[in-house]
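What follows is chain A paired twice: with chain B in the first complex and chain C in the second.
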Partner chain A sequence: MTGRRRLGDWYAYLFIGPSLLGVVAFLLLPVVIVFALSLFRWELLSAPVFVGLDNYTRLAGDGEAWHSLWVTILYVLLCIPLQTVLALALALMLDRRIKGVRILRSLFVIPWMATPIVMGLVWDWIFDPRDGALNRALDLVGVTGPDWLSDPAWALPAVALVNVWQHTGYTMLFFLAGLQGIPKELYDASSTDGATPAQRFWKITLPLLNPTMFFVTVTNLIGAFQAFDTIFVMTDGGPGGGTDVINFRIFGTAFREFDFGYASTLSMLLFAVILLVTLAQVRFFGRRTTYDLS
Partner chain B sequence: MTTPLRRTVLYAALAAGAFVSVFPYLLVVLTAFKTRRQLSTTEPWLPGLPPSTANLAEILGGDFPRFLLNTVVMTALLTLGQLVFTTFAAYAFARLRFRGRDVLFWLYVATMMVPSAVTVIPLFLIMRELEAVNTWYGLLAPYILGTPYGIFLMRQFFKSLPGGLEEAARIDGAGPLTILFRILLPLCRPAIGTLAIITVISSWNSFLWPLIITSGDETKVVTVAISALKVGIGVDRGLMMAGGLIALAPMVAIFIFFQKYIVRSVVLTGLK
Partner chain C sequence: MLTPRIRWAASVAGAAVLTLTACGSGGSDGAPGEKVTLTYRLWDEQQKAGYEKVMAAFEKANPSIDVKIELLPYDQYWTKLTADAVAGTAPDVFWMSPTQFPEYVTKGVLSPVPVDATKYHKTVTEAFTYQGKQYGMPKDWGVVGLLYNKDLFKKAGVEMPDTLTWKPDGSGTFLETARKLTADAAGKHPGDPGFDPATIKTYGFLSWNHYQTQWMNFVSSNGGKLLDQPFGKYTFNDDASVQALQFAVDLVNKHHVSPPATRTNPPTGKATDMFKAGEVAMFPANNALLPFVVPDAAFEVGVAPMPEGPAGRAVNLNGLAEAVYAKSKHPEQAQKLAAYLGTEEPQKLMADEGYVFPALNGLTQGYVDHWAKTAKLDVSAFVKEAEGTTFPMPVTTGFTGFEPKLNQIFNEMYLGRLTPKQAADQAVTEGNATVK
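For the complex of A and B:
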């Protein structure tokens, strides 16, 4: 029996071996390295110099880095509430048997597979002040549109809009699946009790969508905090640092200024922020009860 | 219940939303087939007549086909690796008993929390130590051994299969490999299809890692090549959109033919 068990063990280790190598070498080791490097000064050409917490002291007084963090938070706040509400509204509209519902669902999901680099360039052109589709359309109704991506007030909302455009439809799919999991009897019972549609939404639909809401906000937030591709091709962090999100600053510090130690410190900052936000969501959603209907 | 007026408003809202969803794709197609003159004389949302293939010819006449081939090779290898290694690992975690299983699985789940933005710098430095910068090895290695997220999804699916499936085969003396290939894998086709589609899309669209780890033409992929079109004086929108059209077309084709697998990726997360 034990011999057989041993053999089974070896099979299992063989099966998970390659993926375990990947997890250790390319996920765990990098986390260790990025933490260690945040304590060094290293420009790649000479040997790394241990500087203790110097990079963190520098970070504390680095106005540009905090500005980047602030821009990132604004970007997330522009993206997540809007795309979550839009996705939920779309799901509610499409969770019924109306003509063309399947095609409509497909059309809403199609932005999700777009190559972000390509769509960054497309939206860059839509936002072009003179020849872009948006300002041309505004011209038709007699409005002169701003120079979207060069205007400090508009650049960040503009790049955030691209993210909303890309992710709303796919998020809607999760809400649709969630809506279809809500037992219809609950709605029937509430109708007999004389509940209004608004009451039904707030008292039944939304609480029962809690697990879905948790999943989509956690994954979308983690994604939005790491925004990079569209900003790289649309604004290059500009105008005047207006779209200089933290991931973009990390990239620039490491691969344009070759300051790998400080870039690692910035990475630690991003890691900490994402962890904190995720933990806050776990607590927030954990406290609100979902009804166990099984 | 639904009045004609409400119905009209509903359809109008949905149609407007659908138009916004599709418009950027439309713009890619329209612009890719415009000459430079048509580009400056027509509205962006109108076609240039007659359509011109000059942009496509120009971009396909350069190094672009080579970068396209690189993207195809990268996507194929990453998807193959992900499917093979993820399936084996997920099978072991879901259906085999072995010492350390739960600890290892929690380790995997924990690493799902590590943002890719945080690992980019150390991965680059690891590849630099291994002298793998600007090589195929460096481009592929970090993502070819399967991702914790994929393993998590596949494990969920393996666990959802009835427990008695393997019993009869095991009594007949079948080993884990036979059980996996003869009994479980045929039942896993929907999950494997979904994992394949997700991996194809994310590999094809990937940008930051290829941008950092490759610099020469031998390993340059389409996304990096397209992003370079914006640099320099006098941005040629027609040429950029022609490149974009070539990059997007396979993804749209996948979407049209394998849509149900994409919808299933939502169900696979176990949220209903």
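For the complex of A and C:
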């Protein structure tokens, strides 16, 4: 018996081997390397110098880095609630057999397939204060639109809007899948008991969507914390640091200032924040989620 | 898709691995008489065609050397070059720019190259000098000139003066000309009673946050200084510089001869597009921009010398050099290639086919003739400027890190949210913190 089990183990390792190798080489190892780098001063072209926790001391007193973290949090708060509510609303509307529903579903997912850089360039034109489609449209209804990307009050909402536009359709797909996994009998039973549509949504749909909600908010939050591409194209962190999210600062520190040690330290900060937020979500949803619908 | 953070981490890991392997492989200098392959790296796709001919001629004269041309888009060029330098696998000969030069030369990536400095444009050779030595064979230069829309001049009935002059107080022919070319919806010019800046249809000039073609030129032609010395500290917050910056901003916010910064600030601004669309009469640009403007323009383009300031005319002249990698496996052959690239044959070819103004003196006519022949465009104003006072981009360490900060701070200045004094002080402080 023991021999057979060992043989089974061996096969199991063989099967997970290739993907395990990928995870170790491209995920775990880089994380370890980034942590190690955060203890060095390394300007790339000269040899790394071990500096202990110097980079972390610098981080503690680096107002700009904390400003970036704050901007990142604002960005996440602008994106995630709006995106989640919109995606759920879309999913509820498209979770029925109406004509052209398949086409509609695909249409909403298209933004997610666009290259972020191209998308950023297109939205650049849309947000152009004078010739842009958005302000032209606002003009038609008598509203003078702001200078979206150069106004410190509007730049962050503007780039967040692009992110929402890009990810809502994709998120909707998961909600659709989740909705279709809810047994119809539950709705039939609740109708028999005289539940209103609102009650059905709050007492059946939403609680039973928790596994989806969990997955969607965790992945989207992580994605939003790592926002980079559209900001790189649309604002370059401006105006006046208004969209200087942490990932953008990491990029600048590493590839423009060639300060890889400190860039790694900033990455560790982002890593810690994402880890904490994700753990909080795991705890929150862990208590409230039922996976067994039978 | 990998997230940027992970991609970034992976590239660092990759660089680390490359470093290790690079240490392991011993350099194998080919035995004498054996064929050697050199790698030559550049970022300009159009110029690559010219260099293919150049390299063919070099290979013919040196049968024991093969040259492989590597094209990398500009966006990736410096990141890749740095990673390659870390790994010890940078190309043997590659293009170098003045703003990147200090970073690489101070870290020992570049090899000194014997150059007869008297034969090349002074601003180019000076930009690639470090501790009294020349690092890089002067390749070419581009200079800022004043492109203008001849149709708009005709329509407004304005002649381009022989010399444009400006002074911080707003006197001189430059602002006067710009005013005449600026018109609102009712056809009124700035200064006319009832002129409405909100309805401007055409602008006389384009003053925007672009250091190379804009404010650095105003600063220098007002006697301000960008740097105290090469590899030194920034000084463009002195009185003359601040005055010049004030003038640049006034063109937008006070004189209304230039579009608002909301439409021109980088990275989203569309300054070049506005000129191409015929909304702007005068637009300073480096001659390297000609191929991207002249063929698409629906109007006749002219080239005039930049305006003269109180300290005369001083324009930015940006030169490139052919750098030789200090750790090249074939130093002798790499030097041979660099030396050849500095000779008349290749430099003349690149000029005559209209790619660049060559760094070697006495060959500019080929470039001028090319543009006259192919586009009926007289570009001799660029040559005239290059013979006068020119200044290089700031040659000091840390510029790549400083550049985005500088742009952000000056965006605020052009928007009128920071005074020129505040902006210059802030920028100089930030800049000097990046100088090593």
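One rule holds in what follows: the second predicted complex is superposed on the first by the 270 of 294 C-alpha atoms of A that agree within 3 Å, B and C clash if a C-alpha of one lies under 4 Å from a C-alpha of the other, contacts with A are read in each partner's own complex, and residues count from 1 in each chain.
Just so we're on the same page, contacts are C-beta pairs under 8 Å (C-beta built on N, C-alpha and C of every residue); 3 or more make two chains touch, one makes a residue touch a chain.
If you're wondering where the values come from, they're calculated on a predicted model, not measured in any experiment.
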> Looking at the overlay, what does A:F255 touch: chain B (first), chain C (second), both, or neither?
Replying inline: both
>> Tell me the contact category for A:L78 with respect to chain B and chain C: first, second, both or neither.
In response: neither
> Is A:T115 touching the first partner chain B, the second partner chain C, both, or neither of them?
Replying inline: first
> Given the touch rule stated above, what does A:I204 touch, chain B (first), chain C (second), both, or neither?
Replying inline: neither
> Now for A:Y11: first (chain B), second (chain C), both, or neither, which partner does it touch?
Replying inline: first
>> Between chain B and chain C, which one contacts more residues of chain A in the superposed model?
In response: B
>> I'd like to know which partner A:Q180 touches here: chain B for first, chain C for second, both or neither.
In response: first
>> With both complexes overlaid on chain A, does A:L94 touch chain B (first), chain C (second), both or neither?
In response: first
> Of the two partner chains, chain B (first) and chain C (second), which one does A:V159 touch, if any: first, second, both, or neither?
Replying inline: neither
>> If we overlay the two complexes on their shared chain A, which of chain B and chain C does A:V233 touch? Say first, second, both or neither.
In response: both
> Taking the contacts chain A makes with chain B in one complex and with chain C in the other, which residues are shared?
Replying inline: 25-27, 29-31, 33-34, 37, 124, 222, 226, 228-229, 233, 247, 250-251, 254-255, 260, 264, 267, 270
>> Touching residues of chain A toward chain B in the complex: what are they?
In response: 8-9, 11-13, 15-16, 18-23, 25-31, 33-34, 37, 90, 93-94, 98, 104, 106-119, 121-126, 131-133, 136-137, 165, 169, 173-174, 176-178, 180-181, 211-212, 215, 222, 225-226, 228-229, 232-233, 247, 250-251, 254-255, 260, 263-264, 267-268, 270-271, 274-275, 278
>> Under the stated contact criterion, what part of chain B meets chain A in this complex?
In response: 7, 10-11, 13-14, 17-18, 20-25, 27-28, 31, 39-40, 43-45, 85-86, 88-89, 91-93, 96-99, 101, 104, 107-108, 111, 113-126, 141-148, 151, 175-177, 201, 204-205, 207-208, 212, 223, 226-227, 229-230, 237, 240-241, 243-244, 247-248, 251-252, 254-255, 259, 262-263, 266-267, 269, 271-272
> Across the complex, what residues on chain C touch chain A?
Replying inline: 2-6, 8-10, 12-13, 16, 79, 82-83, 85-86, 103-104, 107-109, 261-263, 265-268, 270, 398, 400-401, 403-404, 407-408, 411-412, 415, 417, 434
> Mind pulling up the chain A residues that touch chain C in the complex?
Replying inline: 25-27, 29-31, 33-34, 37, 43-46, 124, 127-130, 147, 149-151, 222-223, 226, 228-229, 233-241, 247, 250-252, 254-260, 264, 267, 270
